[in-house]
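I've put the structures underneath this note.
Two complexes, one shared chain (subunit A), two partners (subunit B, subunit C).
Here is the complex of A and B:
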C-alpha cells in the first residue's frame, strides 16, 4: 500500500477511536453492531471469498463463541474480555473438527455439511440443558458501559481486515485463490489443497468466535434460537458479496453500507424495508455479481490487494 | 464486460440515488417533535415473528395515551408515544432504546413485547436510570437480576397452569404429564406447573421438552398414552397447541383434563379445531367477560379506535400504561426514584386486573384465569370469583363424543 493509503487508514482509525466521546450511545451501539458485521463478513470472506467453498453455517462459530463467552462469565466468573477472546478457541476447535473431514468434500457438499453443522450445534446446546440452560438460554449481568465493547469489537473488525490484507499479499493467499479458480489445476501444481483449505477455514472461524463472545456480553442474554439463526449467515454472505468477495475492503464496504442502509430504511419505511432489502440483494446478485469492488477493479485496473 | 454492463451499473446507481434522496427527505420529519408533550419511548415488534402480538401491544399503548390525554394529560402535559419497530430482534431493541433515550430524549420508556426482547432492552433502560414498566414480559428470571427500575405487570409464566392444577387437585386427581416447547417462556410455564402439582401432592409421571417448530407429537403422545395420566399439560404456543390437540384425538389419548398454556385462549383455536377443541382448558392473562372496572369501556373504545379483534396483549399494554400514569400522578414528578417509590407502593385495579409488585418489581397481585372450550365458546372456569361458568368434568373419551 502507498503511504497515502496508510495515512488515510490511520486517520479513519483515529477518528473511530475518539468517536465514542462525541456521539450518543445510540451511535455507539449502532457502530458496535456494524463492527460485528464487518468482522463476520470479513471472516466468511477468508474461507468462501478466497477458496470458493461456500460456508452456509458460519453462524455456528459465532454461536459457539457466544456460548463459550457466556458460560465463562456466568459459571466461571471470568471478566468479559478474556471470556470473549476464549470464544476463538472453541470456535477454532469446532472448525478443526468439522473442517478436517468436510473440506475434502468438493462442490456443494461442503455447503450442505455446514448447514447441517449449525443445526447440530444448536440442538446439542438445547439438549445439554443443565449446562447451557437449554431453551431458556443464559442471562448475564447487565452491562454498565458499552464503550469497552465498542473498542473490543472495533479491534476485532480491524484485525480481520488486516489479516485479510496479509493473506491476500502472501503466497498463501495466492494459493487459496488458485483453489477457487481451479482446484484440480492447483493440485496438479503441487498445492496441498486440503491442508490450505483447512488453514483458511480455521482462520475464518476464529473471529466469529471472538465477536460471538463479545456479543453475548453486549446483549446480556443469549438463547439457542436467537444465537444460531440462519439469517446471520445469510447476512454475512450478502454483505461480503455486496462489497466484493476475495478483496480486503469488500466485506468492510458491504457491512458498513448495508448496516447504514438497513438502519435508515427500517426506521423510515417500516413495512417495506424487508422488501427493499430483498430487492437490493437481488439487484446485487444480478447486476454486481462480483460486488462493488469487483466491478471497480475490472473497470479501473485497481490493485488486487484492495 | 460489454457496454451493457455500463448501463446496468448506471441504472443501479440511479436507483440508489433516488432512494437516498427519498431517505434524506424523510429524515427531516423525524425529530421535529420536541417541545411540550411528555415523550414516552418504546420499541415494539411490528414486523418479524412477534408482529401480530406486538401490534396489539402498540394499540394498547396508543389507546392509553389517548385516554390519558382526554383526561387532561399527566402533570399538566400531554403524553405522546415514540414507537419504533424492533423487527422481533433483541439487539435491534437494544439499539432502539439507546436511540430513544439518547437521541429522541424521551422522558419515560415502556417495555417492548416478549420476554427475550424485554430482557435485552431493560439493560439499556437500567443503565440510563429510566423506569421501564414491562407490560408483556412474563419470565421470572428477568426479575432475578437485581434491576432497580424494571416493573412487571402481567402474571409470571410459572402460574399459567395454576387453575388447572388447582381444579385437578380438588377432584383428587393423582398423576400429571407435562410437555413443553423448549423456549424461555414455555419452559418456565411447564416447570411452574410441575412444581405446583408436586406441592398439591400429585405425581409428575412425564416431563419432556420438544424443539420449537415441532409438528409431529405422536412419539410423545404414545408415551403418554402408555402412562395414562389423569392430567396432561402442554406448555405451548398456538401452532403446537392446535397440533397436540388434534393428534391426541387421532391417537385416542384420554386424560381426564387437558390444558394448554398459550394458544387455547385465542378465537382461532376453536375455529381451526371445531368440535375437537371441546373440553380443552386454556389459560389467559385476561378475558373480555371478566368484570374488571373499565374492561367493558376498554373493549368498546378499542373497537372504536382500531376496528378489529384483539388478544389479551392489548389490555395488558393498556393496563401497564395506566399503572405507570397513576404512579407518575402520585409521584407528581418525572424523577425515576420518586416514580419507583410509588410503583413499589401502588395497589390498583385496571381494565387488565390487579397490580401490585414486591421489592424486586415482580408482579404478585395479577391473576391468571382458566377457561374451557364449551360448545364452541370460551367459558371462564377459574378462579371462582372471576368465573362465568363451571368446568365440565371429566373430559369424555374421544370415542364417546358425538
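Here is the complex of A and C:
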C-alpha cells in the first residue's frame, strides 16, 4: 500500500478512536454493530471469498463464541474481555472438527453440510438445558458502559482486515485463490489444497468466535434462536459479495454500506424492510457478482491487495 | 536396471464403469529422453497421465517413480516429488495474473522465484502480459502459460498433454525448441500430440495406445511401419 493509503487509514482509525466522546450512544451502538459485521463479513471472506468454498453455516462460529463467552462470564465468573476472546478457541475447535471431513465435499455439498452444522449446534445447545439454559438462554448482568465493547469490536474489525491484507499479499493467499480458480490444477501443481483449506477455515472461524463472545456481553442476553439465525450468515455473505469477495476492503465496504442501508430502511419502512433486503440480494447476485471492488479492480487494474 | 528408470508403469488397469480406459499397461522410461505417447481419440492417453499424477486412482497395477511406489500418493505429493504436467483442456487460474499463475506454485517466494517466473514468461513472450488476468489471454497464450507453470516447479519428469494444439506457428517452433531444451537440462518428457510430424520429430521413442492397451513401442521409424499401429489409426 502507498503512504497516502496508510495515512488515510490512520486518520480514519484515529477518528473512530475518539468518536465515542463526541456522538450519541445511538451512533456508538450502531457503530458497534457495524464493526461486528465488518469482522463477520471479513471472516467469511477468508474461507469463501478466497477458496470458493461457500460456508452457509458461518453463524455457528459466532453462536459458539457467544455461548462460550456467556458461559464463562455467568458460570466461571470471567471478566468479559477474556471470556469474549476465549470464543475464538471453541469456534476454532469446532472449525477443526467440522472442517476436516466437510472440506472434502465439493461445491453445494459443502454449503449444505455447513447449513446442517449450524442446525446441529443450535439443537445441541437447546438440548443441554441445564448447562446452556435451553430455549430461554442465558442472561448476563446489564453492561454499564458500551465504550469498552466499542473498542473491542473495533479492534476485531481492524484485525480481520489486517489479517486479510497479510494473507492476500502472501503466497498462502494466492494459493487459496488458486483453489477457488481450479482446485484440481492447484493440487496437480503441488499445492496441498486440503491443508490450506483447513487453515483458511480455522482462520475464518476465529473472529466470529471472538465477536460472538463480545456480542453476548453487549446484548446481555442470548438464546439459541436469536444467536444462530440463518439470516446472519446470509447477511455476511451479501456484505462480502456486495463489496467484493477475495479483496481486503470489499467486506468492509459491503458491511458499512449495508449496515447504513439497513438502519435507514429499517427506521423508515419497517414493513418493506425484508422485501427490500431480499431485492438487494437478487440485485447484487445478478448485476454485481464480483462486487464493487471486484468491478473496479478489473476495470482500473487495481492491485490485488485492495 | 530398475534404478536406472525414472518411471516404471506395471500392469496398470483403470476402468470407468464398463469402459476399460487403461488395460494392463506397462511402460519403462529412462531419464533424459523425450517420449511420445500416441493413439486414437479415447485410447486412454489422458487417463494414463491422470493415473501417473494421482488425479485418478488405479484399479490394478503399480507406478514407480525413481524406484519408489507413487500410486496411492496424493496429486500434490506426486507433483512435489518431481512429476509435472499440463492438461489437454487448459487449467490455468483465470483470475490470477500471468505472473501470479507462476508465483502461486513456486516452491519459494523470494526474489529468485520472481526472477525465474519473469524469465519463463519472457521465454514464451508473455512478459509484457505479466499483469494481465490469465483468463484474458488468447488460447495459445494460455497453453504457453500452462507450460511455463510446470517448469517453475522444476520437475524431473514432465507430461505434456497436447501442448501444441492451438499454439500459432511462430510460437510453436519456440515451444518445440523449448521441449528439446528440457532434455538438455536433464529432464524426461512424455508428450501426447496429434500432429504426427511434431511428435515423430520430437520423440526418441513412441508408445502407442489403442483401447487402453499398449499395442506398440519403439523409435518413430519403426512405429510408422508397424502393422498394428497403421491398423489402429486407419483400419476402421
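Note that the second predicted complex is superposed on the first by the 306 of 306 C-alpha atoms of A that agree within 3 Å, B and C clash if a C-alpha of one lies under 4 Å from a C-alpha of the other, contacts with A are read in each partner's own complex, and residues count from 1 in each chain.
Here is the rule we use: a contact is a pair of C-beta atoms (placed from the backbone, for glycine too) under 8 Å apart; a residue touches a chain by one contact, two chains touch by 3 or more.
If you're wondering where the values come from, they're calculated on a predicted model, not measured in any experiment.
With both complexes brought onto subunit A, simultaneous placement of subunit B and subunit C is permitted, the two fitting side by side without a clash. Which of subunit B and subunit C touches more residues of subunit A: that partner is B.
After overlaying the two complexes on the shared chain, residue contacts for A:184 are found with subunit C alone; subunit B is out of touch. Once the two complexes are laid over each other on the shared chain, residue contacts for A:193 go to subunit C alone; subunit B is not touched.
Of the two partner chains placed around the shared chain by superposition, subunit B is the only one that A:225 touches, whereas subunit C remains out of contact.
Contact with subunit B, but none with subunit C, is seen for A:123 once the two complexes are overlaid on the shared chain. In the superposition on chain A, A:174 makes contact with subunit C only, while subunit B stays out of contact range.
By the document's definition of touching, neither partner reaches A:2: not subunit B, not subunit C. In the superposition on chain A, A:29 contacts subunit B only, with no contact to subunit C. In the superposed model, the vertex angle subunit B-subunit A-subunit C (Cα centres) comes to 140 degrees (nearest 10).
The superposed three-chain arrangement places the nearest Cα atoms of subunit B and subunit C 11 Å from each other. Across the superposed pair, subunit B and subunit C both touch subunit A at residues 298.
Contact residues of subunit A toward subunit C in the complex are 170-171, 174-175, 177-178, 180-182, 184-194, 298, 301, 304.
The touching residues of subunit B, when paired with subunit A in their complex, are 1, 5, 8-9, 11-12, 15, 19, 23, 26-27, 30, 46-47, 84-85, 87, 89-91, 94-95, 98-99, 101-103, 116, 119-120, 122-123, 126-127, 141-142, 145, 147, 181-184, 186-188, 209, 211-212.
Residue ranges of subunit C in contact with subunit A, taken from their complex: 53, 55, 74-76, 79-80, 84-85, 87, 91-96, 100, 103-107, 109, 131, 133, 149-150, 153.
Of all residues in subunit A, those touching subunit B in their complex are 24-26, 28-30, 33, 123, 126, 129, 134-137, 139, 141-145, 215, 218-221, 223, 225-226, 264-271, 273-274, 276, 283, 287-288, 295, 298-299.
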